[in-house]
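As structure tokens, here come the structures.
Here chain A shows up in two complexes: once beside chain B, once beside chain C.
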Partner chain A sequence: MECVFGMVGKGFALVVADSSAVNSILVHKSNEDKIMVLDSHKLMGASGEAGDRAQFTEYVQKNVALYHYRNNIPLTTKAAANFMRGELATALRKNPYMVNIMLAGYDEETGPSLYFIDYIATLHKVEKAAFGYGSYFALSMMDRHYHPNMTIDEAIKLADQCIEEIRSRLVVAPQNFIIKIVDQDGAREHSWRRTTKD
Partner chain B sequence: MSIFEYNGSALVAMVGKNCLAIASDRRLGVQLQTVATDFQRIFMIHDKLFLALSALASDAQTLHQRLVFRHKLYHLREERDMKPETFASLVSAMLYEKRFGPYFCQPVIAGLGDDDKPFICTMESIGAKELAKDFVVAGTASESLYGACESMFKPDMEAEELFETISQALLSSVDRDCLSGWGGYVYIVTPTEVTERILKGRMD
Partner chain C sequence: MARYDRAITVFSPDGHLFQVEYALEAVRKGNAAVGVRGTDNIVLGVEKKSTVKLQDSRSVRKIVSLDDHIALACAGLKADARVLINRARIECQSHRLTVEDPVTVEYITRYIAGLQQKYTQSGGVRPFGLSTLIVGFDPYTGVPSLYLTDPSGTFSAWKANATGRNSNSMREYLEKNYKETSGQETIKLAIRALLEVVESGGKNIEVAVMTKDGLKQLDEAEIDAIVAEIEAEKAAAEAAKKAPAAKET
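Presenting the complex of A and B:
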């Protein structure tokens, strides 16, 4: 029931995630932030097993920070993506992390980028991607309306269309969504899309 | 669904007259859903040796990284590139190391060996080599590929004709397989140059 999707626009990358924390039929909370800010210019939207998600994302965040302290330069988005893939791949045959990751980042030299990382450590650089049951709707909406170099307004409008589609067509649709954006000014929360207050 | 069919793939390599061709499809899927239509499965190890890895994309990426590492070390120690036959033995040994917890990949290796003699081989996921003089196939579309290649292949084709043949064989085979397709990458390797071409097929 978790939905995470993302897309790359002109000079920015966008990640949208639902914010429900669910246990069987019970919604524990509906303002869970599943998009972690890795560093000043990286966002990581994660979906999957709740404990693994929290553990793995924090582990990656601290290691990215450690690299920065040791080497005095931040990791590029591609390097961070490959680091994550390596960790997932190493754990895969011992104690797999059941977490799907959408990594969005902005680098000075290469601009915005989005990486799809599966829970079995498949890594691919993409323009648009989605995880979860919501992906069936979000991907189709994006296939129809996405084009390269969209402006922020166009991308937010497309994200809203995807959220609308998920809300109307998914039987157990999440209540609230969070949208985060990363561009040359940094990674930050953009807005929420709420149907329930928490 | 088998783990070998999780991501979907189609690979083929063919031998021509002093040249060879290696081709793959471009789809990356997660079972029934297509995630990307520009996924690379063919990797260049050196300018006369290509490795393509089918089946599970994650293991294909892991294996590729490990093999590039081993080849770079070899190059540093031996001060030359690996011959395709040697590389095939290396891949086979690495796969058999994991005999009881294997990599879910079927590699296709294509290269020009001594005197630029074309060499192709494939192996299954635990490293049993299959050498061939004409063509090798791998992936979810392998059965269709066997049929298409068997009927379209002629020995001693020149580079241009080889390109046409391998492209037609690949596209017609992936059209019958829902898990592979969305175009193709074709590499033509001759003693003097490597040409990469992207095919547009049925995008579905």
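Presenting the complex of A and C:
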């Protein structure tokens, strides 16, 4: 029932994720932040097995930091995406990580970008993407309303439309959503969409 | 039989570890490095040999970051330094990964010193030929620290210390002139100590300041400005010394 989706706009990239932590029929908490700030200009929205999610995303974050200290220059979004894909691919035939990643980043030279990374190490550079049951609704909504070079307000409006669709049509819809944005000023939290307080 | 003590790190009959002592010699031949702890910052200064005209100086950073809040300067074999710094950086991230907290300055110093010690007690390896000055702010208490490690693997905390070429002169100067300082005063004290043994000028010294907000490398212009201030102060002190003497005669 986890939903993560993202899109690229004019000079920024957006990642939206639900914030429910669920175990069978019990909701542990509904303010779980699943969008990790990988470094100053990268966001990583992750869905899947909670343990694998924490393990994999933290591992990637520390390795990205190490690269920065060693080489005095941060990894590009493309490089980080390929690194993640490589790690997932190596683990796939032994001990797979059940994590789906939406990587959004802003690079000086190439601007904003979004990468779709599957738990079986699929890597796609995309303008818009979504994971989970919510993807059936979010992707359809984005197919209809998305256009390149949207402003932040247009993108947030579209994100809200997707969230609205997920809330009304998904049988076990997540209660709260978190929206994070990355642009030339860095990666940061944008806002929450709550129906319950935790 | 005594000749064999020199090749690997085993005890000599009179209780010396010759390889470690020779490593300390290598350190004594390395460039001068000084560290001074202030109340709100720690300053690292390193001598830069200016004989290499064609070298791209940006590729030779002698004061490096290990993490956001830890920096290191060293004297001795630079290639050994690269290996040690790499291991320390990995350890900083590994610590963050396993316990979700940044390392303390003492922890990473203990780690580096432990690594240096390991190579004095293994077969077929030689000790690391460098001493390191490690500075940083404790992430929990905000207290600034300065540590020194050496090839034998010992480490301790200092208010100010120096290593490398002519470290004894620098240490003597610091022992005579050290007092609790902060901000610009600490930077001046470090540079003054370094200028005791290094040719004056911004292109012969590399200086970096660690504050609560991170490491700042001073550029040549800034260093030149501070050096000019120091020279002016020295000249004024000299003049003041001569003036009362003249009055007496």
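Observations, loosely collected:
What we mean here is this: the second predicted complex is superposed on the first by the 198 of 198 C-alpha atoms of A that agree within 3 Å, B and C clash if a C-alpha of one lies under 4 Å from a C-alpha of the other, contacts with A are read in each partner's own complex, and residues count from 1 in each chain.
Note that contacts are C-beta pairs under 8 Å (C-beta built on N, C-alpha and C of every residue); 3 or more make two chains touch, one makes a residue touch a chain.
This structure is a prediction, so every number in the text was calculated from the model and none was measured.
Upon superposition of the two complexes on chain A, no clash is found between chain B and chain C, which fit side by side. By the touch criterion stated above, A:D118 is placed in contact with chain B alone, chain C being left untouched. Once the two complexes are laid over each other on the shared chain, residue contacts for A:L139 go to chain B alone; chain C is not touched. Of the two partner chains placed around the shared chain by superposition, chain C is the only one that A:A65 touches, whereas chain B remains out of contact. Contact with neither chain B nor chain C is seen for A:S40 once the two complexes are overlaid on the shared chain.
Contact with neither chain B nor chain C is seen for A:Q175 once the two complexes are overlaid on the shared chain. If you stand at the C-alpha centre of chain A, chain B and chain C are 100 degrees apart, rounded to the nearest 10.
Shared-chain residue A:A89: touches chain B; no touch with chain C. Note on chain A: of its two partners chain C and chain B, the one contacting more of its residues is B. For the pair chain B and chain C, the minimum alpha-carbon spacing after aligning on chain A is 27 Å. Shared interface residues of chain A, touching chain B in one complex and chain C in the other, do not exist. The residues of chain A lying in touch with chain C in their complex are 58-59, 62-63, 65-66, 69-70, 72. The part of chain B that touches chain A in the complex is made up of residues 6-7, 28, 30, 33, 35-36, 39, 56-58, 61-62, 101. In the complex of the two chains, the chain C residues touching chain A come out as 61, 65-67, 86, 89-90, 92-94, 96-97.
Of all residues in chain A, those touching chain B in their complex are 85, 89, 92-93, 116, 118, 120-124, 126, 129, 135-136, 139.
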